[in-house]
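In the two assemblies presented below, chain A is common to both, partnered first by chain B and then by chain C.
What follows is the complex of A and B.
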């Protein structure tokens, strides 16, 4: 029996080991192009520092907005019955099916309509601005947030909410004090995935916000610009920075609940 | 949540606000990748000299044109080749005449040291040589590559060796340092961007049917036409042209002509059937 268990565990672990090995190979493959001198020289450059800041701020802002909107939207899809729910549920997935470049194109087109022009006339312009990056990332990631959070809320036992209601809680209070705490882990997972998808977003961002160095060029856009100049040392530096920052933040966020618990 | 917002505000203040607080109205430029290195340098020099900021968006010439068209924004369009300027004109996006900033010369690009000893166009047809070009239907440098192969009656021989037909001029330049091909039929100027990684093998003058150039023109939708005009004037001035020359571009027709005396400059070429 014990032997069979070991074989089972081994069979489960093996793909994980292979996958990690493959990712390590991918990450390590840039070592031929990596030079510490180049890295240190480039990391001090203004446009690289700005790309780091832009990426961090935009990904965090778009994640915050996406999650704030996705929590009630996902809850509605999970718990409230309304006409056309199935259609709405499918429609929400649209950004996941469309490629980011198509989404970016649609956003640009929407700002070239009469409403968009009206907004531009009163000074609200999103294309090719910092806010454009957030809009593009939000559009790409919000559906992921809704999808993950819907699954999370569906896993929360509705009887626990009903008990809270019987004990005198309003629907809002039961949502706040029962559903949200029970969904905590799922919400955290949704935040992590949304943020990770946002910081690596390229297609829609480059379409909506462009690639202006120091103004709208995020880390992925800067990697694209470096590749456009066949400047591999710079591209590798940026990839290393993106990997480093992302792993640091994702690992950090995963550690938080454990340290509190 | 409050902590995150506070952190965002601090980061925004430190890194973004200085970039947004420039007083003069920026000139928004959409440029193809073929002029990326000199334009980045020229934009910086122009900003320092005149205090007018340049917002430089760069990518494939076609992608830039789509963004100009879809967004209704931008002051200046600098595609990587004259074909896209013609397209922009057909779309009624261009205001006034175009200015020719520098020339692009077709050449064979090989890794530094030329390990396969590729010396001529014929060498690209040798068995086992992996050749890269840009996609000829949508990328200008790809169309030039096909025209060269066809004109020199080598298309059938080189075609079996074609390994990558990439979607942008810039990606064509990056294929060599990445080691995905042994030679690229591209612009000679790719090698001057990255001399540590590649070198250009010049074609025989009679093998080059056509040269390209980098045009710049003001967009009809420009909200800063004076700034756009000032930047073009700077790019065409001795200082601006020196930056292009520093990056290995020919800025005078007679110099470009030395490598291809009988070549046409710009113009069109219809992609033959079957490509």
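What follows is the complex of A and C.
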């Protein structure tokens, strides 16, 4: 019996070990091309610093907008019954299944409609601008945010909200004082993962904002540019920075304190 | 205090009501019913957590049917307690006071009273409510419900997850709360012992309808329908027919039972169920004189089986003349004195004042 258990555990652990080994190989292979001198030299360049700053700011902005919209939307999907809810629930996942390139194309095409032209006429221009990067990232990440937050709100016991109502809270106060604190850990995790997805976004961003160095080139699009010009030291530097940011984010998720709920 | 008129609501395919109920100031009503009877749904509809499909809910003369839950001033203790895990014990208890804008001094004074009443001094400063024991959680949730000073308290199977000792302590506390604080309590439960112990009046809910409302004796000894009788574990229910109506109005049955209570419109030939609780059956001992009330409905029988429970024994007695089996419940001490064994012969009396009669409808089924 004990032997069978050991074999079972071994069979389950083996793919995990292989997967970790594969990821370590991918990351470790960078060291063959990495030199600290190149790294320091590259990082001192203005357009790389610009790409880092642009990525950080755009990812933060798109995450903030996505989460502000996703919190009420996810709560509505988790708690409120309305006609066509299943349809809406499915439709909202569209950006998750559509390739980002196609999403970027959709954004660009929508700019050629009368609404897009109207916005252009009043001075709001999105293609090939910083605002375009935010819109592209937002479009890609908002569905992830809604999906994660919906699961979070579904885990909050509705009975606690009901008790809060009967103890004098309005629906909004109950949401504010009971639901949000109880969903805190899930919300933080959603914010971090949304941000991580936004900072790594490439397809839609390139389609909407292009890859103008020092202007609209983000970290992922700068990696693409560097590789397409066979500028390996530059590409490796950017990849290392992106790995550093990604690892920080992943460990950040793990560090979010356990909710007492 | 609270009046419910023709209240109906729906959840999926289940329909609740129509329900009429009137609950006076400082009263204690238990709603007793099996799981799935609609008890929680009824509370939710009264509290405004669920939209009433039709009917009205009045609290202190005000129609609250369409006002939000927070304005109905009903406190609620759900089955799972729903303590707020992100708040400490004290913050949980004071939550309602904070949101009902209860004066700070008044809230502190009530807090002190409740800590005394519910013996919470030892845990009031605990920060993690999830680490409390079941009984402690229960008392904290009760204190939270009581602190805003409600006139109405709704309890939804609050003690179902507790062991017997703690349950009894909290039941005693509830009676004190009802008496000392004058809170009107509506308490739903499937536990018959709890319902009879706590409720001044008891309402039996089956399949979304209140089938009978009355005091303990009325519900326990005089069920008005077969499903109520079955739910209240009446073991001795017999299908029979009215053979004659006596001069005093009592009924004589075809199965030889006499002196059964009548019902409106009783007629000879009516199909009825006649019943008696097993603990109301008297064993006649030949060496002892018997009073006039025990000289009717005497049946000779044989002990077919003996079932032992915690504090009682049940004799399964087969009546010799009809072959019918009758459950006779005896306390352990009486069983020890009488010393019956399987196969012993004895005489039993179905006391007429303990009998009940229900006219059978087409769909009624006796057990």
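Quick note on the criterion: the second predicted complex is superposed on the first by the 226 of 261 C-alpha atoms of A that agree within 3 Å, B and C clash if a C-alpha of one lies under 4 Å from a C-alpha of the other, contacts with A are read in each partner's own complex, and residues count from 1 in each chain.
Criterion: a contact is a pair of C-beta atoms (placed from the backbone, for glycine too) under 8 Å apart; a residue touches a chain by one contact, two chains touch by 3 or more.
Since we're looking at a predicted model, the values are computed, not measured.
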Exercise. Taking the superposition as given, does A:182 touch the first partner, chain B, the second, chain C, both, or neither?
Worked result: second
For this session: Return first, second, both or neither, reflecting whether A:130 touches chain B, chain C, both chains, or no partner chain.
Result: first
Exercise. Touch check for A:173: first (chain B), second (chain C), both, or neither?
Worked result: second
For this session: Once the structures are superposed on A, label A:61 by its partner contacts, choosing first (chain B), second (chain C), both or neither.
Result: first
For this session: Considering only the touch criterion stated at the top, classify A:163 as touching first (chain B), second (chain C), both, or neither.
Result: second
For this session: Report for A:200: first if it touches chain B alone, second if chain C alone, otherwise both or neither.
Result: neither
Problem set entry | Residue contacts on chain A - larger count, chain B or chain C | B
Problem set entry | Residues of chain A defined as touching chain B within the complex | 33, 49-50, 53-54, 56-57, 60-61, 64, 105, 108-109, 111-112, 117, 125, 127-128, 130, 206-207, 210-216, 224-225, 227-232
For this session: Under the touch definition given earlier, write down the residues of chain A that touch chain C in their complex.
Result: 157, 159-160, 162-171, 173, 177-178, 181-182, 184, 259-261
Problem set entry | In the complex, chain B residues that touch chain A | 1, 4-5, 7-8, 11-12, 14-16, 19-20, 28, 30, 33, 36-37, 40, 55-59, 66-67, 70-73, 168, 170-171, 173-174, 176-178, 190, 193-194, 197-198
Seminar exercise, completed: chain C residues touching chain A in their complex are 44, 47, 49, 68-70, 72, 74-76, 78, 80, 82, 84-86, 95-96, 98-101, 128-130, 144-145, 148
